[in-house]
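Here you go, one structure.
Each chain carries a letter (A, B, C and D) given by its place in the written order, and its residues are counted from 1.
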Amino acid sequence: MKRFAIATEPFDIAPLRERLLADAAGACASFEGWVRDHNDGRAVQGLFYESYRALAESEGERILEEAMQRFEITSAACVHRTGELAIGDLAVWVGVSAGHRGPAFDACRWIIDEVKSRVPIWKRERYATGATDWLHPEP
Amino acid sequence: MKRFAIATEPFDIAPLRERLLADAAGACASFEGWVRDHNDGRAVQGLFYESYRALAESEGERILEEAMQRFEITSAACVHRTGELAIGDLAVWVGVSAGHRGPAFDACRWIIDEVKSRVPIWKRERYATGATDWLHPEP
Amino acid sequence: MSVTVLYFASLRDAAGCDSESLPVPASLGALYADLRVRHGFALPAEKLRVAVDGAFAPWDAPVVDGCEIAFIPPVSGG
Amino acid sequence: MSVTVLYFASLRDAAGCDSESLPVPASLGALYADLRVRHGFALPAEKLRVAVDGAFAPWDAPVVDGCEIAFIPPVSGG
């Protein structure tokens, strides 16, 4: 089963978390990215996420495989939404289980950092003014 | 509403997570401690957690209040189980929401570290041999 | 003129009870020294914290009639 | 003898289409330079990565008949 997925519709966390359970795992760290009502001082009304899906899936999978190698963890998974999202919607979820909490936290944070910097997904913000803007942050 | 609670029965994460949601929050980090099937090289069959409840609740609350001061976060909560737990059971949950992911991760990790070192809760492990042992780790 | 002493975890197993009522002691340190001998507690006082009336207290806190004392062995939650 | 070029995010908005079919270019760099003039792309090549046939590729990767090329502007997922 793949560790990384793109979801074009809202998704549930509970079944994703279930997949991380293991008798040898004593710790589970997870991260959720939510659509926030502001960014860089501008009032945001909603987001649109677009992906280059084939490459996003293969690059996301590569990140999770790297995490399994780099950290002493049991299991790791990530799902990223695309499409139109409203304030409060779940944009991305990362979950990591491990024997101990240190590697679980470290891997979870590393994965979200890598996903944000490497996976071809782009955010278009819609502002209170009606304007929209694609975000192409400096690396 | 209190941020820290002792649960004498299994508890659901979903309503706890709901309480962290806020329009200004773009990040949510959470941690779960699960009962692991081994510890320090011994096969573990189950755990019993006991608390000095009044002091555990006040000390837990103090930790979460300190976290709200120390980190730039929106909301934080923690629930710790007591009683008999089986392998895979949820022993403790910590959730933190924040504008950005850095403080969410940092606060989540700080809270679980403080809970483990300061809150009067004790673990008695039950081993495959039938023996049991209270854990009183060196600080 | 008495105090209540609460026992938890390994101290409770060793004492064989959750709590007991005892005469007001001279100090928290003297009380634990007595109890350690009587119940065979393995942990020295240096490894413990102490709580009075539901709040952590210094070992030199005054002990008054009716107070509730708990010796807190190293914790292991999480 | 053609290649398919895919556009995403701000590049798609500027190009006004998801993709187009173009003659095989001399190089990926030459192709982007041409497209940048034609579509008015704001981003210089140094800010982009490039992918060929669904995998990240170096800018000096060979361009062959029938391949699918995507210019990847700085990403902003998460």
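Everything below uses one rule, namely that contacts are C-beta pairs under 8 Å (C-beta built on N, C-alpha and C of every residue); 3 or more make two chains touch, one makes a residue touch a chain.
Computed from a predicted structure; not experimentally measured.
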{"item": "Chain whose average C-alpha position is farthest from chain B's own", "value": "D"}
{"item": "Distance from chain C to chain B - Cα centre to Cα centre, in angstrom", "value": "26"}
{"item": "Intercentroid distance (Cα basis), chain C paired with chain A, Å", "value": "49"}
{"item": "Computed distance of Cα centres, chain D from chain C, in Å", "value": "73"}
{"item": "Shared interface positions of chain D, touching two or more other chains", "value": "none"}
{"item": "Chain A, residues touching no fewer than two other chains", "value": "33, 112"}
{"item": "Set of all touching chain pairs, with the criterion as stated earlier", "value": "A-B, A-D, B-C"}
{"item": "Chain A contact footprint on chain D (complex, rising order)", "value": "6, 8-10, 13, 43, 47, 51, 54-56, 70, 72-78"}
{"item": "Residue numbers on chain B that touch chain C, as the complex places them", "value": "33, 49-52, 54-56, 58-59, 80, 91-92, 112, 115-124, 134-139"}
{"item": "Touch list for chain B against partner chain A, complex", "value": "14, 21, 23-38, 87-88, 97, 99, 101, 104-105, 108-109, 112"}
